[in-house]
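Below is one structure; the comments refer to it alone.
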Amino acid sequence: MLKRILVANRGEIACRILRACKEAEIESVAIFAANDAGTLFTELADIAIQLEGYGLAETYLNQQQILEIAVEQGCDSIHPGFGFLSERADFAQAVIDSGLIWIGPSPEAIAKMGDKITARIVMKEAGVPVIPGEEVDGGIEQIIAAAPSVGYPLLLKATAGGGGKGMRVVYDEADLETEAKAAMREAFNAFGDDRIYVEKLLTGSRHIEIQILADKSGRTIHLGERECSVQRRHQKVFEESPSVALDSELREAMGEAACAAARAVNYEGAGTVEFLVTPIGEFFFLEMNTRIQVEHPVTEMVTGVDLVREQLRIASGEPMSCGQLSMRGHAIEVRLYAEDPANNFLPAIGKLKRFVSPTGPGIRLDTGVRQGDEVTPDYDPMLAKLIVWAPSRKESLQRMARALDEFVILGCTTNVRFLRELCDHPDVVDGWTTTDMIERLWPEGWNPDMELSISSAGLLIASACESSNYGRIIQHSSGEVGKISPFSTINRRLP
Amino acid sequence: MLKRILVANRGEIACRILRACKEAEIESVAIFAANDAGTLFTELADIAIQLEGYGLAETYLNQQQILEIAVEQGCDSIHPGFGFLSERADFAQAVIDSGLIWIGPSPEAIAKMGDKITARIVMKEAGVPVIPGEEVDGGIEQIIAAAPSVGYPLLLKATAGGGGKGMRVVYDEADLETEAKAAMREAFNAFGDDRIYVEKLLTGSRHIEIQILADKSGRTIHLGERECSVQRRHQKVFEESPSVALDSELREAMGEAACAAARAVNYEGAGTVEFLVTPIGEFFFLEMNTRIQVEHPVTEMVTGVDLVREQLRIASGEPMSCGQLSMRGHAIEVRLYAEDPANNFLPAIGKLKRFVSPTGPGIRLDTGVRQGDEVTPDYDPMLAKLIVWAPSRKESLQRMARALDEFVILGCTTNVRFLRELCDHPDVVDGWTTTDMIERLWPEGWNPDMELSISSAGLLIASACESSNYGRIIQHSSGEVGKISPFSTINRRLP
Amino acid sequence: MEFKLGGNRIEIEPQREGSVFIHEGMILHMGPELWLEIDGRKHKANAIKIDDVWWVHVLGHTLQFEVVEPGINGDDDDSGLTSPMPGKILDVLVTVGQKVSSGDTLMIMEAMKMEHKIIASHDGVVEKIHYNVGEQVNQGVELLSLSE
Amino acid sequence: MEFKLGGNRIEIEPQREGSVFIHEGMILHMGPELWLEIDGRKHKANAIKIDDVWWVHVLGHTLQFEVVEPGINGDDDDSGLTSPMPGKILDVLVTVGQKVSSGDTLMIMEAMKMEHKIIASHDGVVEKIHYNVGEQVNQGVELLSLSE
């Protein structure tokens, strides 16, 4: 049984893990950079320790400092969440070498799956189909040399990568060098490793992944699929389970392949095997994510398994608690980003002056922020995840539409309206979700489908509020007294 | 298919139904009394119509006015929620006579089950066991005459009643007359009918109820049980499913009895058959609630059936959509009351200056209020219901404890801390929940189990805030500008 | 500084250094948010003042502290027979001049659809009845006067 | 009253009667909350002013209206090559005096762990480059000047 866990992450996923610790009656230690002081996840920890330094490298990616805190605070284990150090085999090894439990798979498994080229080779050996491509070893010349045999359109991917960083689509040979350089730079900044390899771009495919769990007693199971085809800039925005594209036969074949992939690296804990599924039902191994996934809640809601709590059980040496699975209904997750979907999904910043989330049946909110928080450019723009469950896919889409209509966020531009329009877009309703869907539907960029009466209504509201001095809040708190004079407000009233 | 539903209710259950309408893409009309203007449920309706008049009788219980609005607004159906007119056979009949669809069982079924004495007789005939007692026809003399044969302690219950109104426990003959009069008065005020009957008080019993659904095609199913034993003043505060007291054999026997009860009155829609279960596993029919129940969410979370949406389907003549049930995990609901549990659960009022609800996995909040709302003495003090689901009962209790710890409500006294202490009380953890549990555990009344350091911490916070002018918010909105002078605040600063 | 908590008066003068307050080994850090430190662990607290009462949420508990204005030393009698909330008088069970004992029911009022008993807090004689059956009463008004 | 919405200036003078505002057949009721009435149906709206911008949530849409101060008539050029958010300059792809065409990538900056291209909004000649590779920039600052 674990006694005290250090959560080496921030934001929404840190909240998720800290709550799981609380529920499992395990003490928790959060670490936070100075610019995260007072945010939600620091509240949910039993102990919150501020990291020294600035920038990711000195804080959330600072292995040495994090390990020192873990030891000083008497932790017996470290949960890395996703992103950051979660797929760093060297960190996993360092945690183990410090006498702590690493809540995740072995450093060997991480290393094999983390190096995308090694992973391709291991998977081929295990009989799992991989995407046609070239396992080049990085370097701009090698990429240029490999490209013709793969053919266009092709995809440049970071060997060390994940999460869309360092990933570029190239449609034309003329763009290859520029894009490859950009990909290498991004990869280097994100992973400290600029190796890039080349894969065929399988257009019109679906991104479908299988959640697996494996415990130390040797049991490896799959928990069905998640379809994450709706992506912008190679980052998922809309995820669901089950997928309309899978029948039980294909589901079992992919589940078996996922378990085979996990067994090939003696996997332990929660992991995800990602596949591309072509329109004719072929599937290809994309990569394995050796950590908890952003979109894990949809699997939790469909299977009723608490994946994070199972991670804690497995890490402590207990068998997983879930027996025969009973899958039920349909779950959808949308990722709430601080970004402007009408402007090529450019990240946005601001203060969340209003943040009123929907409630009621079938609604789950996994959030890293709450009203009053500041969205800064320092971190990933994902603010929260909204997940719904309903007995059927149709009801699930209807529930998501209802929930997004209720969601009020003022002070920072978000993708709420974009997500809302997805819910009743015919392609989504009919299940024609493919990885190139957003580019296909909105080749010139997305703009809200807004009747004139809406902007007219907004204008009426803005002008009425402006002319009547509505809703101006002057907060007199210890730090702010006197900063804002009420008279300046009154002076600006219009006749 | 229904096209436009009038929701003849308010608060939390109106929100629940209005959201179901939205999700089912059915238009909704809310009605509200003047003192409910601007509350959450009026926001969630497509159309909100203010009722004329004051007090319950002129507003939410005003059948004529509600029917007129339904017809004027072009509604094709009325959903009564729970309480108010939901179990009024005459209203159901009037709705039908106006050419509208009544979302509930037939007036005949309501009448038979609503008159508790008729219900007892019908149940006896259907072979469903009833509690020993006397089916007196009201009147103080008859009650006094019937009491000796039933014996003490006994329970006075309103013949027309439900929800704890007009219900009194009498331990001693000396109190019988006073209590009977009070019960009659309360019953008359609540139901316009002062008839009271007498039942044996079965101490140490559990309150376990079976949810049923019946559609017009003749299918009647049960959806398992809810245990609602933890009650204060005969009102439920803590409900769960499944019950630790039932094995699959007893569950099936009670489920069968519940379906038999429903069939005996040709029941249609969602309904609940309540039983008392004695420590040796006998069960007795208590009453049937011919409407949706406050605690319906626990069944929804365990079965995955959306009961309100099924009500809409059944009322429109469709078959229920749920096939073979797949029950999973454990759900708990707590009722958040504006009341002071340390002062005999006396209802409280105030303004919800802070209302920050928990989020994350397995959490559902069905609320009728949000931050900023005023809790008035005009209506029932139930503010919201917090429901959690987890794979096991233990995990469910742990999750509820975590959720209640996160819940911040300032400005109105609530029972949050009382509910929180229930979560790890040994009797609750071990499942020794009986209807007399609260009186048994806290015969002198409940008081928070608070270490001295907590009140000391609170004192430190209050004094620090007071001396540093912390958190004083002066809102300058159109209506309030100038009402509060910032100078008066500054003057009250302490050195 | 003086507060009332559940009828008891408590005096407190925390040590203060800028935005840090100390009392009985606990440290309160006051910024845009309140953080209470006990044994090196920080806990988020919430506080808001409504009229003269500070509502404080800390460590899962909600507490109310009434500010006692300096200089005011009124021995306000909290045992007064006052209306706990707005409601309607349903029944008056005593008459002026009647002797009552602690625990006797004096009035019945209705609020929030429930009946509430107004009970004598001490033995005495009914001096005055301020409201009659059927009357609406506000919160906090005195319903009856009882001699000591 | 004048607002800017997505670069366009709009003038509006709603009819007002007390707390009721009317414009194009829509009625806004202003109390502690905002209720917009269209065709007899009321919809809750949310609005808040941050700096000079009104953020409005109505009917599931979120809109931003910038208040244009009366009297100010500056033709501020929104096609300026300004930093969309705080970040770091990763690459400068042009030099002063270089001719560029609309759509050309001029700079690459990094913010929120992503690369963003700064693209020429019109044909022109680079007049000045205000930041060099590696420099931190704030939101809204001009990165380059481009002649017309």
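Lettered A, B, C and D in written order, each chain numbered from 1.
Keep in mind that, in the parts below, a contact is a pair of C-beta atoms (placed from the backbone, for glycine too) under 8 Å apart; a residue touches a chain by one contact, two chains touch by 3 or more.
Please read these numbers as outputs of a predicted model, since none were measured by experiment.
Peer 1: When contacts are scored as defined above, which chain pair ends up with more C-beta pairs, B-D or B-C?
Peer 2: Per the contact counts, B-C leads.
Peer 1: As a quick test, compute the distance in whole Å between the mean CA positions of chain B and chain D.
Peer 2: So the centroids are 49 Å from each other.
Peer 1: What's the distance between the Cα centroids of chain C and chain D, rounded to whole Å?
Peer 2: 52
Peer 1: Based only on mean CA positions, could you tell me how far chain B sits from chain C in angstrom?
Peer 2: Chain centroid spacing, chain B to chain C, equals 28 Å.
Peer 1: Approximately how many whole Å separate the CA-defined centres of chain A and chain B?
Peer 2: Each chain's C-alpha centroid was found; their separation is 38 Å.
Peer 1: Send over the residues of chain B in touch with two or more other chains.
Peer 2: 356, 405, 468, 470-472, 477-478 - these are the residues of chain B that touch more than one other chain.
Peer 1: Using the touch definition from the top, which residues of chain D touch two or more other chains?
Peer 2: 19, 30
Peer 1: Connecting every touching chain pair, does the picture come out as line, ring, star, complete or other?
Peer 2: Looks like something else, not a line, ring, star or complete graph.
Peer 1: Write out all the pairs of touching chains, ordered by chain label.
Peer 2: A-B, A-C, A-D, B-C, B-D
Peer 1: Note which residues of chain B are touching chain C in the complex, please.
Peer 2: 165, 182, 185-186, 189-190, 233, 346-351, 353-354, 356, 376-381, 404-405, 408-411, 413-414, 416-417, 420, 448, 450, 453-468, 470-472, 494
Peer 1: Which residues of chain B touch chain A in their complex?
Peer 2: So the residues of chain B touching chain A come out as 15-16, 19-20, 22-25, 44, 297, 300, 304-306, 308-309, 321-322, 326, 328-329, 356-357, 359-367, 370, 389-392, 395, 398-399, 401-402, 405-406, 468-478, 481, 486, 489-490.
Peer 1: Quick check on the complex: what are the chain D residues that touch chain A?
Peer 2: My answer: residues 1, 3, 5, 10, 12-14, 16, 19, 21, 23-24, 26, 28, 30, 34, 36, 38, 45-50, 54-65, 67, 70, 84-87, 90, 108, 110-116, 139.
Peer 1: Could you please specify the touching residues of chain A with respect to chain C in the complex?
Peer 2: Of all residues in chain A, those touching chain C are 38, 42-43, 46-48, 477-479.
Peer 1: So in the complex, which bits of chain C are touching chain A?
Peer 2: Those residues of chain C that touch chain A are 19, 30-33, 35, 40-42, 44.
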